[in-house]
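After this come two complexes, each holding chain A, first together with chain B and then together with chain C.
Then we have the complex of A and B:
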């Protein structure tokens, strides 16, 4: 058993290296004193944990502002997408209506399109709406882009919740809304949590739309802000860039590890049979 | 408690019609079983009574109220589902008290009712457990308990025992029947298992292809099936059907098989001399002796414990007999069969109706 798993890890190890290498570089660079950035030959060690890198970076790159912008956009777009997706997914999984198949195909097809194809059209739309250079333009577009995915994902989970449970609630005297709130949605919590995580991460990492819609640096989200520290600069402060990158990936990692307990909780077990 | 009246009820999904002109009067306190093969529409009919399916035509009445357009929650019915449909995020106690909590009953009353139901069903030690911590039989009891606390007008059961193993099924069958004898709540029970139907029902409704084949007490249906379907559906092993032509002499009646064998049948059968008919005779009504009866050949012998089931060849047609005496038969042995003429039914092969 142990031998077998050792063997598997050995086979997987090149992949692990490829995945972990950028993180290693990020970590080492973020904590290095500036003088040690370009030592040759490159090493993995450094003389001290330079926490000051983070403090300097925070001020110099206006990190706090970008963090707030990212949080605002990611949270609101996720909430908006969920509020609209839950009823849509419920309808798709429970009701029969004309055009249902076409609608599902449409949802899937939108997933195959890259946002960059639509970016010009979206920009012109935001101009018309007067939303260019506001964070709300990102909230709307992210929510819209996420919804195709969230509806699809929720719908397939909702369909696994036995219809009998709602029917039992109706017979027990619950109205549609009560059965939804007290029987159906509590069972869908794991799926909603997972879906929300994906939506949040998508919004958090999104770059192209943010770069297009936001013109002034006050409104930059984290990816754009970090990019602006690299692109078109005469001198790039790599230790600041890497410190910023590390801080930008941390919240996602925390949210993910906190919510992943919902992933494994098979609540619907024992419902029927 | 209330009566349930189903008049001229039909159901169609789009252009497909699944129930045709159903009429059943279920009296107060009665235990009625809807039985039939899968796809016969029995569950759909039950769901229409529950308010989970719309009624396409006709009228469903609970007590004096027409409930066609009443939502399920206003019909004052309780239902036990085939897969129990317990709320997985609630304990047994919460599952059973859900309906009372929705009605905002006082806590003391809720507690009293849940504990009463739980003690009736031997569930007291399991009230704090969630459904996934319960065995199949316990889940089934919680589902029953959820119905019991309601004091509903009508209990509906949708194949509640079909997910249990054979042994537990027999135990629960008796418990449900005992419960009904005590509470006397009008009950409608759907099953495809003819033994459940026979053992539990005050009256059985046999359904097939979206129509009612026959309604009656279990023994009426068993002894005087109205047609070939009911005759074949009820009883295990099922009734023997032997083809032949009607013959009459004196006051006696016979069915003459192709091989020239004369099978005694009830002289009351309304069939003309020479009319092609099917003779139906239950395996347990056949007695076997050495000679003097209808000759047959033993093919396979299956002892079941209380009985011995003998598969025989009778004038080229296969049949079976069930006897309780201890006798040994050899395959190929020539035997003679006897039965009382009034035990043999006669059916019209064209319409399937009893003659």
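Then we have the complex of A and C:
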């Protein structure tokens, strides 16, 4: 076991190094004094931890605003997607209905639709609806594009909740709604929470639509705000960019690491059957 | 099996369906309409012009360049990802010390926005001050710093490698799902019969994993074919269009050069390619489900 463990870690080590490398780069650049950004030859070491970089960055890159925008869009789009997905997933896992097969095919197809191919049409649609340059355009599109994933995940989890429990509740005289609220819902809450968090992370990280729909910097979400600090600039304040990237990335990475085993389980259960 | 049918389940799926049809269906219609019209920079239609937009696309050397690079990009990233992910998943599926930590690290790139990953790498690969050069020089591999993103071929290669890196977690996840479902007794039987590990891999693991490999190929092809952020953030398709793939070229045409008719035509062409892969995917999933139903 020990020998095998060492061997496996040895084989995995190049990949582990390459994966952790960008985090190292983020870290040492974010804390580095500005004067030491372009030392030659470049080095990993630096003279002091300049915590002030973060405070400066917060003001200069308008980080707070972008953070609020990202939170607004991610929370609302996730809530909308969940409100629409939960009944749909319940119907898929509990009922037989005409057109079920066609509906499942439709879900699989929308799961494959990528925003980039439709982005021009979406932009024109948002112009028509008067939603261009509003965060709500992102709420609607993210919810729509995430729904296929959330419905699949929820449905595969719902199918593992035994139907007998609900049926037993009816026999005991509980109404349909009561059994749903008292029996099914408590069992389904963990799956809903996990699915919602993955939906949230998807929205949090989205780039193409945010770049396209939002025209003024007040409405930028975090990925676009950080991109705008890099794109087409004569002078890039890399220590600010890396500090911002670190703040925007770490919380999500921690939550994701904690939850990734549920994703593996969800996929094994049926998202990819 | 079914509780009560009727209109209730339909009412439950309808609101979500309506949103999806509006947000995904309408743009397809709009792109189809625009691709057959002459469109001004500001989006006004100037009348039907038949297939002129498509002819423009097919006479554009930049389109062919982007098309060829899209094929290279897709094949290289998907091929590299699969070649690395299957052995990784097989290792992560076995017990060893620190497996939990290894899983967390390997899944890490998935949690981070591609935009952020690309921004960090763009800085890390900076010719003068990048820490990638610093590391290679410290290790004695490089004497002089290299401007990694300065030349198109080299930049494109780097982008492909980063594409592979960020695709590994998702692919490994699919494979782990498959591996955890493999019957343990066939391995024991094979071991009793004196089969080597390589034999086991070739005659048991690979055939049983085939459905998962198929799905991983199709899904990755779709995702990679459509992936904009890495190339957009690192080189914006430059220098001199040398790293443009179809999505970056499409984005420039639509939102930089205002050639909306032509951009709509490219969107539709890409949509067609995507549909082919999507149909393959749907068939694969349906076949898997039919197989599962038959077993029940």
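By definition in this document, the second predicted complex is superposed on the first by the 251 of 273 C-alpha atoms of A that agree within 3 Å, B and C clash if a C-alpha of one lies under 4 Å from a C-alpha of the other, contacts with A are read in each partner's own complex, and residues count from 1 in each chain.
Definition applied: a contact is a pair of C-beta atoms (placed from the backbone, for glycine too) under 8 Å apart; a residue touches a chain by one contact, two chains touch by 3 or more.
Here the structure is a predicted model, which means the values were calculated and not measured.
Annotation for chain A, partner touching more residues between chain B and chain C: C. Contacts of A:141 after superposition: chain C is touched, whereas chain B is not reached.
When the shared chain is aligned, chain B comes close enough to touch A:187, but chain C does not. Once the two complexes are overlaid on the shared chain, A:1 sits against chain C while remaining clear of chain B. In the overlay built on the shared chain, the residue A:165 is in contact with chain B alone; chain C does not reach it. In the three-chain superposition model, chain A touches both chain B and chain C at residues 267-268, 272-273. By the touch criterion given at the top, residues 1-5, 8-10, 12-13, 15-17, 19-20, 22-24, 26-31, 34, 43, 84, 87-88, 91, 94-98, 102-117, 119-124, 128-135, 137-138, 145, 165, 168, 173-174, 176-178, 180-181, 212, 215, 219, 222-223, 226, 228-229, 233, 236, 247, 250-251, 254-255, 260, 263-264, 267, 270-271, 274, 277-278, 281-282, 285-286, 288-289, 292 of chain C touch chain A in their complex. Touching chain A in their complex are the following residues of chain B: 50-52, 71-73, 75, 77-79, 81, 83-89, 98-99, 102-103, 130-134, 136, 139, 146, 150, 163. Those residues of chain A that touch chain C in the shared complex are 1-2, 4-5, 8-9, 11-12, 15-16, 18-22, 24-26, 28-29, 37-44, 84-85, 87-88, 90-92, 94-100, 103, 105-106, 108-110, 112-114, 116-125, 127, 140-141, 143-145, 147-148, 151, 163, 201, 204-208, 212, 222-224, 226-227, 230-231, 238, 241-242, 245, 248-249, 252-253, 255-257, 260-261, 263-264, 267-268, 272-273. Those residues of chain A lying in contact with chain B across their complex are 162, 164-165, 167-175, 178, 183, 186-187, 267-273.
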